[in-house]
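For reference, chains read A, B, C and D in written order, and residue numbers begin at 1 within each chain.
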Amino acid sequence: MTSNVIGLFHDPESALTAAGRLKGAGFESLEIMSPLPIHGVEKVLGKKKSVIKNFTFMGALIGGISGFALAAGTAIAWPHPVGGRPIITMPPFLIITYELTILFGILATVLGFFISSRLPAFRNRVYVPESAVDKFVVTAPCDDAEHFKRAEAILNDAGAEQVREIGESDL
Amino acid sequence: MSLFSRFMDGWRKYRKPGYYDEFDYHWTMTIDLDKCTGCEACVTACQAENNIPVVGEDEMAKGREMQWIRIERYWEGEYPNAKLSFIPMMCQHCDAAPCETVCPVGATYHNQDGLNAQIYNRCIGTRACAVYCPYEVRYFNYYDHEWDSPLEQQLNPDVTVRGKGVMEKCTFCIQRIRQAKDVAKDDDRRRVQDGEMQPACVQTCPTKALVFGDRKDHESQVYKSMNDPRNYRVLDELNTDSSVFYLKKVDA
Amino acid sequence: MTTETFKLGYNDIHDDVVRSIVKTGPKYYITLATAGSVTLLCFFFPWFYQLYYGIGAAGMNHPGVWGTYLASFIFWIGLSHSGTLLSCVLHLTNSSWRKAMYRSAEAMTLFSLVVAATYVMVHVGRPWFIHWAVPYPNQMELWPNFRSPLLFDVMAIATYITGSTIFIYMGSIPDFAAVRDRTSGWRNTMYTLLSLGWRGTDKEWHRLHWAYTFLAVLIIPLAVSVHSIVSWDFAMSIVPSLHQTIFAPYFVVGAIYSGTAGIVTVMFVLRKTMGFEQYITKLHFDNLGKLLLVLSLIWTYINGVELFTAWYSGTSEEYEALGYKLFGYYAWLYWEMILFCAVAPMLMFSTRFRTSFVPMLILSIAINIGMYTERFLIVATSLSRQYLPDAWGVYVPSLVEISIMVGSFALFTTLFLIFVKIFPSVSMYEVKETMATPKMEPAAPAAGSPA
Amino acid sequence: MPNIDRREFLKLVGAGGVSVGAGFMLREANKDPREYLIPHVLAPEDFSSGLDTFYNSVCSMCPAGCGISVRTREGRAKKIEGNPAHPVSQGRLCTLGQAGLQALYNPDRLTAPMRRTGEGESASFEEITWEQGLKQVGDRLDLLRAARRGNRVAFLTQGVRGHLAQLFESFMRQLGSPRLLHYDFDHPHTLYAANQQFFGESRLPYYDLANTRLLLSFGADYLNNWISPVHHSLGFGESRQGRADVRGRFVQIEPRMSISGAAADEWIPAKPGTEGILALGLAHHIVAEGNYSGADLGAWTNALADYTPDAVAEQTGVPVNTITRLADSFVDTTPSLAIGGGAAGNHSNGVDTLVAVNALNYLVGNIGQEGGLVLNPEPAGPAVQQHRASYSAMVELAEAARQGEIDILIISGTNPVFTLPPAAEFAEALAQIPLVVSLSSFLDETTALADVILPSHTYLESWGDDFPEPGVGFSVGAVSQPVVSPLYNTRGTGDIILDLARRMGSSSVMPWQNMEEFLKYGWRRIYQRGDSQTLAQGFDAFWTSVLKAGAWGETTNGSTAFTLNPDVIAGIGVAPPEFSGSEEGYPFILHPYLSPNFHDGRGANLPWMQELPDPMTSVVYGSWVEVNPVTAEEMGLSEGDLVDIQSPHGQLRVPVFVYPAIMPNVIAIPIGQGHGEYGRYAKGRGVNPIEILSPLLEPITGNLASSATRVNLTPTGGRVKLVKTGGVSRDLGRDIVQHTSLGVEVSSAADNSIPITEVTT
C-alpha cells in the first residue's frame, strides 16, 4: 500500500531544506504546498519550464489571422460600397485584427494555464488546509512503512512542526 | 479550395478605392441659387411625397424638425443694405460619404445608382451617421409619429413610414427612380431618359431652380447645368464629393 | 515599506478577509437594498419608459443627436481604465504597494465596463436589434460594417470585458481556495467550484505566475487600444473640434485619470466599511496621489494643446467651436471642469494633502465630476456648432437622461456590493508576499525584507 | 421653351392630355402581373408597386387658379402636382397649393349638416340631415321670394369665377336680391380701379415677367401672395437664368423685405405709402431727361411738375441718385416692367399709386410689349358682373344687418369674421340676422356664428371650373373635377345652391340637377366657339379632352394696341398717405403682410403649413413682430421678448423677431395666425394683426387701407422661446451661399430650362 508523508513547516526555508534532503534521499515527485509562491523552489526541485507562452503565442497568431479573415472575408462575401472606400479597407481591418489577436491570446493563455497546471481538478488529492493559511507543506509519496519512517525522520530533522501520513484511504 | 480562391479574387479586386464608380446611373441634382426664391414649395412637396411626419409644436421647440429638404437662409450686410440668400439643403448623396463609413451595421451605403441609401429596417439608431454628416440632413425618429385620422389616407404607399429609433433622410425619391427604371425595363430595357422622372422637389420648383438627372447621360440638362461656370459644391473642401451641385448666385 | 502590515500574522489576514465575506451586518443589507432600489427606480424604469416611447424621452434633437448617454458611456469606460490596466503595469514592474487593493480596483474595471456596455443599449434607438452589431453568421449573409469606429468599439470592449474578467478570476483562484477551507455550506460548494481544486503546490504557483504575467502583457495594450478606439468614435468624424489627432492620447490619459480618482474613492470606502485599515494605508493614498498629480498635469497639457490647435487652425469652424466651448452656452461647465481637473489637483503637491484621507476622497470625487463634464462637453459643444450655422442648435439633457445617469452609479454600487461578498476583496496571498516571511526561529521575527 | 406662346400652348393641351391620360393606361398594359405579388418590405430595384391615376383639376387654395394634377392611388389622393398643360402653373405648384391635400383629409372637417341649438354661451351645434337643413333654408327662401322680399337675402362668398359665380348670380337674380358679395381680404381693389382709370378696363393685365429685363416692383410681393405667385415665379426663373446671355434684373421697393425683396437684385426701402410718389419721381426724371417723346409730352410735363427728384427724395426717403439711376436704367433696359400692388395699394392713396405705376410703364412704352405689360382679352368664361366687395361694402352689409334689413345670409368659403377688422363689427351684425347659413367645409370663426351649417365638399371632391384672372395674355379655362369620392356627408357648393333653387321653385330657370350638368351646359357654349375641327369631334370628345388636359385655351385675335385717354394724364398725382393715429402717440407704422404659409389665414388649419418654417424667419407655429435691429437695440429688445402692440383700435401681445431688412419706423406682423376657431391646428395660436387695424379707407374704392395703421410698441418684460428651425442666419465667412458677379456666368437657355411636358410621368 502507498501513502503520502506530509511535513508541515512554519517557514519556507526549512520546508525547502527538507524538500532538498528528501530529494537527496531519492524521494520522487515531491510537492511543496504553500500559502504564497516561495522563491527558490527551482533551486531545490529543479527548473520547471512553462509551456504557457507557446499557448499565448499560438493563440495570438490564430487570433490575428482569423481577425483579418473575418473582416476581409465578410467584406468580400458581401461587398458593401461605403463612403467611396475600397471594399478591403486596410486601416480599420487592422484594428479588428489587433483586437482579435489579443482576445484569442488571452483565451489561449487561460487554456494553457489550465492544461499545464492540471486544473480544474476536483478529485481528491493530497491536501493540507493549513497550507492555504500559514503552513509550508512538503509531501512525498512513500511505498511502504519503512520508506515512510525515513521520510518522517528527514522532515522532523529539518524542523517540521508536524508530520502526518495520508494514505490512499484517507483521501 | 474555392473559398480561398474566392477570397483571393476579392483580394485582387477590392483593394483599390472606387471600384464601384461604374454606377448604372449617377443621379445628380443642380440647384440654381440665382433662381431660388425660398418659397419652400420643395419642402412641402417632399413632405407629401415621402410621408414625412408632422412633429408638432413641442417637438419643434425641442429642435426635432423633420425636413428631408430644408431652406437655409443667410443674411449679409445691415439695413438698408441687408441681403438675404436662400439655399435648399438636402442629402448631398456624397460619393465619399462620411455617414456611410460610420454605420456599424451598414444600414446606410452607396447603391448602384450612386445614391446614398438608407435602409430603415437595418438601422439600429446609433445616430452616428447624423453626427458624421457635415450637412446635417439626417433626421432621427425620436418616437413613433402619428397622423391624426384621416390624414393618414394621404400617405404615399410607395414609401414606408419610419418607426421610432430609425434614421431617415432624402432619398432623391428613390421610389420614383424605381418606377422610372421599371417602366424603362418593361419597355425593351432602355435606359431611363432625361426628365423621365424627377424627385418631388424638382418637379414642383416654381422657378425651375432645381434640375435633376443622370450625370452619365451627357445630353441631360443636369450634365450641362452641373458644368455651368457658376457651379460649386457646398463644403467642397471636405472632399465629400457630393452629387448636388449649386449654381452661384449672381450679384447685379 | 511594509511598516503597517508586518506586525500581522498570516492568520489575521485570513480572519479579516473571511469575516469580510461571511459576516454580514444589517448595514450591508440596508446599503444593498437602497442601491438596488435606486438602480431600479432611476435606471431601469426610465430606461423602459424610453424603450416604450423612443429616444425622444431624452433631450436629444437635431443637430444634437448624441447626448449624456454617450458621455456616460465614455465616462464609465474611462473609469474602468485603472483597475486592470494599472494592476497589470504594477504586476510587471513588481511594485508591491498596490497589491492590497488591486483586486477591488479590477472589480471596478469589470463593473464600470458592464455599466458602459449597458449604456450602449440605452443609447441606441433600437436596442432590440443591437446584436446586429456583432459579427455572427446569418442566413441573410449580413455582416457588420468593419470600417466603422463604432464596430471597433464593439470588438474592443467585448475583448476588454473578457480580458478583465479572466484577469480578476485568475488572480483570485488561490484566495478562493483559502476561503473554501474556512467556509461551509453553499459558500463552501461555491468556492470549491471557483477554486477549481487549487492546492497551492509549487507547480501551480509557478504556472499561475506565468499565465498571470502573459495576461498582463496582453491586457496593457488592449486597455490602451480600448480608449483610443472610443476616442475615434469622435475623432474619425469631420465635426469641427472633434476631428483631432490628439484625441486618442487625450482619452487614454483622461481615462486613467478618472479611473485612478475612482480607485481613491473606492479605496476610501472599502477601508472604512470593510475594516481594511491595516491593508489600505496612507502609503497607498500617497502613491495614488502622486499618480493622480502626474496625470492631471498631462491632462491639462493636452487640453491646452487642443485649444491651441483650434486657434491655430484659423478656420471659421474651429474658431467658432473654440469660442463656443470657452464662452458659449455650456461655458460654465467648461470652467467647472478646468477648476476640478486642472486647478484643484495642484493641492496634491503637498504630501500632507496626499496622506490625509478625507481631502483625498473629496478631491477624487471632484475630479470625476470634472471628467464627466469633460465627456459631456466633448459631445454637446461640438455637435451644436457644426458647419452650417443655420442648422445650429442647443442640446439640453432631459429628466430621463439625468435620472438614468444617477441610476448608473447605483447600478455600479449594487454590483460592487455583491462583489465584495463573493470575492475576497483583498488579495490574501499577495498581501502575504508583502509581509516578512517567518524565519527558522519563530520567536524572533526579523524586521523587513521578504526573501 | 418654358415661356409658352399661344400656339405652343395649344400643342401642350394635346400633349399633356395624351400623356396624362393614355400614359398610365399604356404603362398598365405593359406591366408584368407577377410583379404585384412581391411583398413591399424593401422593394427590389426593378419593382414598382401599384398604379397611379392622375386627375387634372384646378387649385382653389388661392385666387391664382393654377391647374393641378392630383395623383391618386386606390381612390385616395396622394399628392397634388402642377398640371404641366396649364399655362398658369405649367407643372409647378406653390406650397399652399400642395397642402390642399390636408384640407381634403383634415381631421377637423365638418362631416354633416348642423343646426345651432341654444343661445349665447350655451350655443352648440346638433347634427341634422340634409333634408332638414335644406328644407329649413329652402322654405325661408321660398317664403321671402313668394313675398317679393328676396332682397332681404344676402349671399356672401369668396371670390369665385366661372360657372359657380354665374350660378350664384342667377340664384340671387331669382331672389331679386342685389346683395351678392364676393369678399376676399387680399382682393386688389385698388389695382382694378387703377386699371379702370388708366386703361379703361377693370381687368388685370398680363405681366410678362419671363421676357422682361428689368422689373420694378412697387410693394407687390409677386413671388409670394400677389395675384399669381406660381406663374410669376416661373417668369422670374425664366427671366433670371432661362435665356441666353440675358439676365433679368429685379428691383423691389417696399418698407419691409418680402420674399420677392429677398429674391430681387436690389431692395429699396421707401416710406410706407410713398411708393406712388417715387414712381412719379421716376416718371418726372424720364420726362425731364427727354426720354419720352409722345404727342402728349406737354401734358405729362405739367402733371409731373411737382415730382422733382429732390422733392420725391425728401418725401420717400429714397436718395436722389437712386431715383435718377432707377429712372435711367428703366428707360435704357428694354423690355422693362413696373408692377405695383400689395402694401403699396393698401394705403389711402392706393389707386393713385398704382395709376402712377401704370403711367411709368406707359412712358417707357412697356404696354402691349413682350416683356412688358400685356392687356388681357375678355375672360372666356361666362359673363358675370363684378360683385367684388370692398371693405366699405362689407360695412354696408353689416349696417344693413343691424338695421334688420337682412333675413337670410348665406356664406360660402369666406371668413369675414377673421379677415375684417373689429371696427366693421361684423360678428355683432351676424347676431342680428335671423338665419345665417354657412356652406363652409370647416368650422371657421364665421361658421361658428352660423345658425345652419350646410358643409360643402372641398375643391378636390367637387365639380367646378375656373378662368384665371389675370389670364396669361389669352383666354384660359380649366375644369375642376372631383378626384376622390366625398369623404363625408357633404355636398358640392353648386349642388347645394341648385337644390335650394329648386326648393324655392326656380327649377324652370335653373333646371340643372347638379353642378356637373350645369358645367356641361356652360361649357357647351365655350365648345361652340371652337374651330371647325373641334366642332367636328363633338362635345363629348371635347369635354373629355378638356377634363384630361385639365386646361382649355383659345387664341384671341384682339389687338393689344392701347391709346391713353388724355384726361387721365391731368388726373395723375399721388397725395401723401394718411395714417390713423398721431405720430407722437404711435411712432410705428404697422405693416401686416400675407403669410407665405397661410395666405389670409385659410392655410392655418393645415399641419404642413403650420410646420413649414417661414421662409424669411424660419419661425413655425406662431406669430412674431418684425423689428429693425437698430430700433430693437434702442428699445433693448431681442428675439423672443414679448411686446404689446397698441393701435387706436386694439392691442396685441406678440414676441419680437429682430428683422434685418425693415425700416426703423415700421414693424411687420404676418397675417394668418390668431384663429379663435378653425380646428385643432389653427385654434389659439399666434395673433391676428387685422384685429388692430384702423378702418381707414381708400376713398375711390372703399378699400381698407390696411397698411396705414400707426401703432406703438411697449416691452412687457415677458419673454418666450420663439419656435424656429433656423440657428444662426449669418454664414460667418464660410461661403456657403456663393456669389459671383454678372458676366461670363450667365448660362445659356437650354441649360436650366425643363420641358414642361415631362413632369406628367
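Please note the rule applied: a contact is a pair of C-beta atoms (placed from the backbone, for glycine too) under 8 Å apart; a residue touches a chain by one contact, two chains touch by 3 or more.
Bear in mind that the values here come from a model prediction, so they are computed numbers and not experimental data.
**Q** Please identify the chain lying most centrally, where each chain is represented by the average of its Cα atoms.
**A** B
**Q** Report the pair of chains linked by the most C-beta pairs in contact.
**A** Top-ranked chain pair by contacting C-beta pairs: B-D.
**Q** Where the centres are mean C-alpha positions, what is the separation of subunit B from subunit C, in Å?
**A** 42
**Q** Go ahead and note the Å separation of the Cα centroids belonging to subunit A and subunit D.
**A** Here the centre of subunit D sits 91 Å away from the centre of subunit A.
**Q** Rounded to a whole Å, what is the gap between the Cα centroids of subunit A and subunit C?
**A** Distance between chain centres: 30 Å.
**Q** Measure off the straight-line distance from the CA centroid of subunit A to the CA centroid of subunit B, and report it in whole Å.
**A** Computed from C-alpha means, the inter-chain centre distance equals 62 Å.
**Q** Identify all positions of subunit A at which a residue touches two or more other chains, and write them in rising order.
**A** As it turns out, subunit A has residues touching two or more other chains at 75, 77, 80, 82-83, 85.
**Q** Please list all residues of subunit B that touch 2 or more other chains.
**A** Where subunit B meets two or more other chains at a single residue, that happens at 63, 65, 72-74, 98, 101, 103, 106, 111, 235.
**Q** Mark out which residues of subunit D touch at least two other chains, giving numbers and ranges.
**A** 618, 726, 729-731, 736, in rising order.
**Q** Which of the chains are touching one another, listed as pairs?
**A** Chains touch in the following pairs: A-B, A-C, B-C, B-D, C-D.
**Q** Which positions of subunit C touch subunit D when the two form their complex?
**A** Counting only subunit C, the residues touching subunit D are 316-317, 320, 387-393.
**Q** Taking the complex as given, what residues does subunit A use to touch subunit B?
**A** Touch residues, subunit A against subunit B: 69, 72-73, 75-77, 79-88, 90.
**Q** Which subunit A residues qualify as touching subunit C in the complex?
**A** 10-14, 31-41, 45, 48, 50, 52-53, 56, 60, 70-71, 74-75, 77-78, 80, 82-83, 85, 89, 92-93, 95-96, 98-100, 102-103, 105-107, 109-110, 112-114, 116-117, 119-123, 125-127, 129, 131-134, 159
**Q** Please give the residue numbers of subunit D that touch subunit C in the complex, ascending.
**A** Within the complex, subunit D touches subunit C at residues 618, 726-734, 736.
**Q** Within their complex, state which residues of subunit C touch subunit B.
**A** Going through subunit C, the ones touching subunit B are 53-57, 59-66, 123-127, 129-130, 132-133, 142-145, 147-151, 154, 233, 236-239, 383, 386-391, 393-395.
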